[in-house]
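A, B and C label the chains in the order they appear, each numbered from 1.
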Amino acid sequence: MWKFTVRRIGIMIPQIALLSILIFIMAKMMPGDALSGLIDPSIDPATIEAMRDRLGLNNPWHIQYVDWIKGVIQGDFGQSFRFKMPVTELISQRLINTFWLSLATLILTYLIAIPLGITSGRYNDTWADRLITGYTYVGFAAPLFIFALIMVWIFGFHFGWFPTSGSVKPGLSPGTFEYVLSKINHLMLPALSMALIATVTTVQYLRSEIIDTKQKDFVVTARAKGASESRVYNRHILRNSLLPIAAFFGYEITGLIGGTIFIENIFGYPGMGQLFLESITLRDFSVVTTVVLIFGIASILGALISDIILSLVDPRIRIK
Amino acid sequence: MSFLEVKNLKVHFPITGGLLGRTIDHVKAVDGVSFSIEKGKTYGLVGESGSGKTTTGRAIIGLNKITSGNVLFDGQDITNLRRSKMSARRDIQMIFQDPYSTLNPKKRVFDIVAEPLRNYENLSKREEKKRVQELLELVGLSPESIHKYPHEFSGGQRQRIGIARAIALKPKLIIADEPVSALDVSVQAQVLNFMQKIQKELGLTYLFISHDLGIIKHMCDRIGIMYKGRYVEEGTPEDIFTNPQHIYSRRLVAAIPDIDPRKREQQLQFRRTVKEEYEQSYNDYFDDKGLAYQLQPVSDTHLVALPGRG
Amino acid sequence: MEAKKIHLPDNTKDTDRSPSGWLIIWREIVRDKLAYASLVFLTLIILFVYGVSLFLDQKEIVTVDLFSIHQPPSKEFWLGTDYGGRDVFGQLIIGTRNSLSIGILVTLMTGIIGITVGLVSGYYGGKIDNIVMRIVDFFMILPFLMIVIVFVSVSPKYTILSFSLIMTAFLWMGKARLIRSKALQETELDYVQASKTLGSSNLKIMLTQVLPNLSSIIIVSMTLNLAANIGLESGLSFLGFGFPESTPSLGTLVSYARNPQTLEFRWWIWLPASLLILVLMLSINNVGQALKRATDARQRRG
């Protein structure tokens, strides 16, 4: 177990290094640099050139890379050219919003997936199973952005049940009960839209896993020994099928990130995904770089956590 | 000069482990094996699974990399030669154990049997078809079956297709790795007799690998018994079956079932004695790692791994 | 006398041929009603879209006409017009064609790269395999969408080709991983070892022995990829990082819904394209799933 964890972290370190290089290359491909955000257009070009020299922007690329990494480690991501403020400040509020959105999505995903998956697997080939399978079929094919658009069109605009943009009703002060309620209200539709699509693979996995386990010898033996059906399911089948699913949440992070870009855009939700798109359109590249770096590291960490949990659940993985 | 000579053959597989995945040890699948085969004869290699007999065969034909030692074929050193660079390779062919995985399920019989011909001989489509049909007839299959897929044949028929493919290039040596183990007993004899028939017709030399002493006795002119990558005994069938010297061989020979039911009690008693002897004298016949010693000659034809010089 | 048949070996060629794997798969699909209907529907859509777009002038359709902005569906404009007064129906046809074309192009390119890398990596195994798979793992964890968007937005001289190259550059890894694991399994089988002893070169074994055994999994995964790639392209176009407006795709039409006014009141602009994407992806997936079942059944019977 510890051996696996150490080795797995050993794999992660070069991954993060590779990620940082990739992002650095992307940053170098982008027009403009840290100075473009700071400098008044009336300043004489010679002075800019001097400042460039002083800030090390004319250094060879590997020295610039090291400087950049040093800054990143100290939490200095540079200046936003658009908002004229440090990227760190700009990001913090957005990051919290996206965190809540992702959390709500994950919770909803599991809340939907587990009962559906269990019903579908336990009572397979009944009408309930066919209905659920039909839903997974459509959900598997439906692109998130189209599903979300239709959701917001129907429930947001047509019925008016949910707000169609923002993360909280303006004018409420943080900490009050109304504020929290409004936050949840704003979260519901985007999180539900994402969860209804994201849950599909989990439902399918759980269903086939339960159907497989049902025929395994140890379950047949448990039944033959006279264990009640609910005991067979709770003690024998679910224990084997649910654990891997719990471990998948780390892998979900990569998917969630792609999802938040669409969802935040469609629901006008002020999170990281929206900030990313805005910054790209405004060519505010220090923000873009930071967002990609943060999400990249989040994905790598997510995969790390999932791998470690899976290795606890399934000893065969450890041997690899 | 012998036709095939194997000198002190070693095949070791690395075991990787630890945090960095370095090589920490080796599995000594074959650990110093020497033997030679005369032309036109059948040499039997016996042992339990994991004894290294299959690896020996695969190393000779070049499927496993030889760690050290030499393989001489018809006077030519073929140790670790690249397949493509060697003309001698077409003279050595192999029959595999599993008739189900040895034939590509996506290929028709025609393409399967024609594969070696296409690699080595420049035949026209017509000649090629004729040759394949001849080969199929030779192994007792209808020439019309060339457009069928392997899954349409039984295990015994598939093994015949495998044999047809192996003899397509008119090889001189065939390594038969448990050629009948996967087949029903009723089919086994059929395939074995057929192999003996084509041996005579084509003047083949066999290296016959099996765990079944009964088959080995039926087929072979000379026998080597392997245990944990080493030889424990080598000799003629008479040496091995009537006068086994090593305790391991004795136990193997004792395990051959006897069809006479009246002797059952006697046989059981005999086996029990051998088992006791095996357990008592295990340390005399194997070194402290449980491996066999060097072979020592006990007669002109008979070699046994007994403790002695080393 | 006339009943006596003369057996000519050359005549056996077709009569004695066993049905090939493809024929069996085809039969399975025809038997699966949903998949068969999807396949017919897809064929009709493809024929219609590519056929009609031959007679449509893309330039004319994407030209702004300020006199007919935001018109609801009418006889002249079957699905109304967008904010530039452009005919939505015409854009829908051209958009479907463009989306399908790029979907197919990207699927083929990722397929070729993925199959090559996966086959080599799985066949040789060992160190090469280790390194390749580490790289593939790394790219598969990355937030794909973000990185593609960044590359799209910074790529100089942005064209449809560069767009599909960027997509391909970050999409081949999944295929490589899949093919690699299957190739690894196949390579362990005796028929590959047999081919080696029969004197076939590694290249020949990979292409003529291992590859045919991967064909069913390749077809299945390429079909499913095609659906995913169409979804991805339209998603990127929806966000404004796919096709330029002068080459409409289905996603471009949907992207007009990013304007809340359009989303709420002018459904005819974005809804048909959305539904079309949905139906296209469903149909392609149906065919893919049926193929998957067909090939699985074959393996079970093995």
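In this text, a residue touches a chain if its C-beta (ideal position, glycine included) is under 8 Å from a C-beta of that chain, and two chains touch if they have at least 3 such contacts.
Quick caveat: nothing in here was measured; it's all calculated off a predicted structure.
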| item | value |
| --- | --- |
| Innermost chain, where centres are averages of C-alpha coordinates | C |
| B-C or A-C - the one linked by more C-beta pairs in contact | A-C |
| Intercentroid distance (Cα basis), chain B paired with chain A, Å | 56 |
| Length of the line joining the C-alpha centres of chain A and chain C, rounded to whole Å | 26 |
| Centroid distance [mean C-alpha coordinates] between chain C and chain B, Å | 48 |
| Multi-chain contact residues (two or more partners), chain B | none |
| Of chain B, residues touching chain C in the complex | 58, 61-63, 83-84, 89-90, 92-94, 96-98, 101-108, 115-116, 119-120, 133, 143-145, 147-149, 151-152, 162, 165, 169 |
| Interfacial residue positions of chain A with respect to chain C in the complex | 11, 15, 18-19, 22, 26, 29-31, 137-138, 140-146, 149-150, 152-153, 157, 164-165, 254, 257-258, 261-262, 265-266, 276-277, 280-281, 288, 291-292, 295-296, 299-300, 302-303 |
| For the chain C and chain B complex, residues of the former touching the latter | 9, 12-13, 16-18, 21, 189-191, 193-201, 209, 212-213, 215, 301-302 |
| Residue ranges of chain C touching chain A (in the complex, touch as defined) | 134, 137-138, 141-147, 149-151, 153-154, 227, 231, 234-235, 238-241, 254, 257-258, 260, 263-264, 267, 270-271, 274, 277-278, 281-282, 284-286, 289 |
